[in-house]
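Next up: the structures, one after another.
Both complexes shown next keep chain A, but they swap its partner, so chain B is in the first and chain C is in the second.
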Partner chain A sequence: MLFTTEIIGAWFAVFLTLAIFSFLYKDNPFYKAAEHLFVGVSAGYWASTFFWTQIQPNLFGRLWPKVDGEMGGLRAAWYGIYDFFGWFHSGIFPEGGIDKGHEMNLVYMVPFILGIFMLFRLSRKLGWLARWSMAYVVGLAAGLRLYGFLNSNILAQVRGSALPLFDGWGTAINSILIIIGTLTGLFYFFFSKEHTGMFGKISRVGIWFLMISFGAAFGFAVMGRISLLIGRFYDLIQFSGSEYHHATYWLLAVIVILLGVQAFRERGKQTERA
Partner chain B sequence: MDKNKFITILIKLGKVDRRVIFLLIAIVVLIPLLKPLGLPIRATETTQRSFNAVDSLQAGDRLLMSFEYGPSTKPEIHPMAEAVLHHAFLKGIKVYVVCLWPDGQFMAIDALNAIAPLYDTVYGEDYVLLGFRPGNEAVVKGIASNLRKLYTVDYQNTLVDSIPMMAGVYSLKDFNLIFSFSAGYPGTVEWVQYGSDPTGVPMTTGTASIQVNEIIPYENAGQLRGVIAGMPGAAEYEALVGKPGLGISGMDAQSIAHLVIVLFIIFGNITYFLERKRSQKKY
Partner chain C sequence: MKSGKAILMGAGIFAVLFIIYYAFGHPYFNGNRLTMFVCVMALSITILYYIARANSGEKIYLRIIPGLKAFDEAVGRATEMGKPVLYVPGIMDMDQVETVAGVIILGHVAKMTATYETNLNVPVSRSIVMEAGREIVKESYLSVGRPDLFNDDMVHYLTDEQFAYAAGVDGIMLREKPAACFYQGKFYAESLILAETGNSIGAIQIAGTASPSQIPFFVTACDYTLIGEEFLTASAYLSQKPALLGSVKGQDMGKFIVMIAILLVFILNGVHDLGWIDIDFKEWLRVE
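This part shows the complex of A and B:
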């Protein structure tokens, strides 16, 4: 039996898929192992990708871009710091500077310093410095989002709700439904007045529209989950073939047997305790 | 069988172990995958509008595709991305790919490697993968204002200035259409808010099913040209392009599974009301 890297990968994929599926039976060591592996790999992958796609090319690449020819004075001293870093890791800090098409821009020292401050969260004494970085991130995100939401979610949506009423029966019914749904929904989320009397009745209509919306969301959620199941089944069917040495059948048998043994042992222990 | 006994059986069936339901769903999904039924597929209006948005582009026009999904939503979104790539390459549209999710880059490489070799395309002349940049909506804003500042190199670290099809591309306004393939945040919403709306570049999207409810208002308000909704949307787009893929082949299983789930919901509600009625009679 020949096990190429592709076949080993397929066996690994099948094992992890079945291990995750095994949670449907009950929590078990296979599921735990797959879950922990997923969390670890994800964290490692994200950290590495963020570093190599942003910090190295766009931050270090702007602080120490590749320079040709002689350097003198302050610039030589600045690149002396770079050479010192390069002594530790020449992959991150290659000789002569980082060639990612940037010009030198020392303003990027600000995010560099704020990024270092963020790491001080690990220190009890200097942890307060991380607040400066967090304040910057929160402020920036709030500013960015305010503009986006105001323009696209409020103004454009209000504009989108101004619908033609007399453009055929179908359009008229749709437009009226959207207007009623929008207004009654807004009434429901107005909490400064008690939901009684006429106000209560209108907000109750709003609840109905919300319920229909939740129903549609539930339907889409089911559709999504079934699609994911189909995706995993495709791989399991593909990897059950002879070219993958029937990985699905073998691993399914092993996992079922081991889970059966575990269940049998647990039952024995419960009987002993009783 | 007397009525009371029948109701007791129904109530007992209503309390069946959830694992039995899991098993039944697995079986009804698996059987159509092994023995396809070939149920008909008809494009919905939203998918048709997405198709029309791409179809209206001319050869040489620029299409910006953004990959914002990972392996967890691959079965839903990947078939759409592949179908759109088929469509774009068939029409000779220039494809520019960016990724707001780190795993989106893997998905993009996978889709381009599968589709680009089927056509007479050259990397850097007909399509380019600019890759992932962290920063969520800040990345979209960066692309909208100055793409060259954000992307000085592509995913293989080739200088963007040396890529032929990047000539004349400096910001989002240099594109004819944005097509976002999104499974959440950052994704379609951020492209609408910081990309399409401020610049006026038309946009369409393909999203995971769970996101459709959130996205449809943008389509209704005219902020999006169309929406491809989940695996059924992917199947519809594949059918429109005439390139059957994972979307179409998964639709039989999808339809049967939905039918079974609807039956379970109806059955669960019936048994719930029967049980409630019986307990009310007792007290």
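This part shows the complex of A and C:
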């Protein structure tokens, strides 16, 4: 029986898939192991990915891009700082600058400094500086989103209400239904007026439209989830073949037996306590 | 009321000056963005006007939202049962409006847990959200005079990865068995995984999101769901601060204007289709 790296990988994938599925039974050591592995590995992976795809190429790569030839004056002093960093880690700060196709842009000192401010959270005295970074992120996002939301949620919506009315009865009914649904839905989201009388009745129609659209969205999303489940089952079936030494059957049997033993022992303990 | 009138007067003067500027060739102004400019100004002035009215003492009515009324009930239930409260502020960063709203609501929930001396657990999936969450929870505990109950680990980071985060939160739910679960923020496919697990442990669940594709899942599995703008109005409702109440009233007026615009565009489009008018008004609403 030969275990290549591909087969070991398949066994590992099957084990983790079944361990996560075991959650459907109840919380158990297999699920705990898979969960902790998943959380830990992904946290480390994300930290590493962010650093090597964003901070190193896009931030450091713009502050200290690769330069050819001699440098003098302020530039030499600026790259002196870089060389100092390079002394700690030449992989992040390779000799002569970072070659990611960027020009030097000192505006990027702003995110660099704000990023360092975030690290001051570790200090009791200077922790307040981190608030500046957070304020920058929230304020900038609010300003940027205002434009996007107005364009996509208001102007595009109003523009989209120019629906055809005279292209046949079916189209006309469809268009009128969409307009009634949009307007009554908006009525529901009036907060400064009590939903009673005629206003309440109209907003009730709006809720009906909302619920019907939620139902449709629910069905659509469930179909997507089913396709994901089929994908996992497809892998489990593939790995149950003889070329993978029946990984799915073996691991399923081991997990079921061990969970059964655990359940049996737990029941024994409960009986003892009683 | 005086400051409200001052805002209207200022807006009027600004509008006249802008019309003159525009008529004289509007240098440095991108004409393709005129519609957007008018929309931003109109909405901002409307909101500022109602904020000013609210600040001057005018009572602003806010209708009852059942999901928000249930916040107190949920924390109270957790207190009675001696179990913790779990708060999930979504999986996105602070550059999303929903996450900001979720973190603000966290402040209100933290005030309740501090008052009732109930444990609060806030697992987050973004480092900046963790920092913002810690700040706001600490502030809440200080404001109700219980800084002794606060510790940094209440708001803790799990991972940025969507489903690893969902697995981690599910694990917390199964082991700590919180009596109340709040899901307030931006969610994607993990919404049903979280809400179903919360349902299976018998927790009272209140969700709030503006993600249209996730609302159905929360409606199905949670006791209360704040739909779209209900969720974004929550901080005004919970704090009852005049400035926030005024902004809600201003937004309502904005919605009313949009409704009129929708109706007008629909009718004018019909008239245009009949060939009675020959104006391409849809172009006016297009932003380059």
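Simple rule for what comes next: the second predicted complex is superposed on the first by the 274 of 274 C-alpha atoms of A that agree within 3 Å, B and C clash if a C-alpha of one lies under 4 Å from a C-alpha of the other, contacts with A are read in each partner's own complex, and residues count from 1 in each chain.
What we mean here is this: a contact is a pair of C-beta atoms (placed from the backbone, for glycine too) under 8 Å apart; a residue touches a chain by one contact, two chains touch by 3 or more.
Given the structure is predicted, the values throughout are model-derived calculations rather than measurements.
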Fit or clash between chain C and chain B when superposed on chain A: fit
Apex chain A: angle to the C-alpha centres of chain B and chain C, given in degrees as a multiple of 10: 100
Residues of chain A touched, compared between chain B and chain C (which is higher): C
Which superposed partner A:53 touches (first chain B, second chain C, both, neither): first
Partner chain in contact with A:159 - chain B first, chain C second, else both or neither: both
Touching partner for A:241 - first (chain B), second (chain C), both, neither: neither
First, second, both or neither for A:195, with chain B first and chain C second: second
Touched partner set for A:233, first chain B, second chain C, both or neither: first
Which superposed partner A:45 touches (first chain B, second chain C, both, neither): both
Partner chain in contact with A:145 - chain B first, chain C second, else both or neither: both
Partner chain(s) touched by A:137 [first = chain B, second = chain C, both, neither]: second
Partner chain(s) touched by A:100 [first = chain B, second = chain C, both, neither]: first
After superposition on chain A, the shortest CA separation from chain B to chain C (Å): 5
Shared contact residues on chain A - chain B and chain C: 45-46, 50, 140, 144-145, 149, 151, 157, 159, 161, 213, 217, 221
Footprint of chain B on chain A - complex, ascending: 24-25, 45-46, 49-50, 53-54, 57-58, 61, 100-102, 140, 144-145, 148-149, 151-153, 156-157, 159-161, 178, 213, 216-217, 220-224, 226-234, 237
List of chain B residues in touch with chain A within their complex: 19, 22, 25-26, 29-30, 33-34, 72-76, 102-103, 105, 131-135, 137-138, 141, 150, 152-153, 157, 159-161, 189-190, 192-194, 197-198, 208-213, 217-218, 220-223, 229-232, 246, 250, 253-254, 257-258, 261
Touching residues (chain side chain A, partner chain C) in the complex: 20, 23, 26-27, 31-32, 34-36, 38-43, 45-46, 50, 118, 121, 130-131, 133-134, 137-138, 140-142, 144-147, 149-151, 154-155, 157-159, 161-166, 175, 179, 182-183, 186, 189-195, 210-211, 213-215, 217-218, 221, 225
Chain C - residues contacting chain A, complex: 35-36, 39-40, 43, 60-63, 65, 93-97, 100, 127-128, 131-132, 135, 157-161, 163-165, 167-168, 170-171, 174-175, 189, 192, 212-213, 215-217, 219-220, 227-230, 233, 248-249, 252, 255-256, 258-259, 261-263, 265-266, 268-270, 273-274, 281-282, 285-287
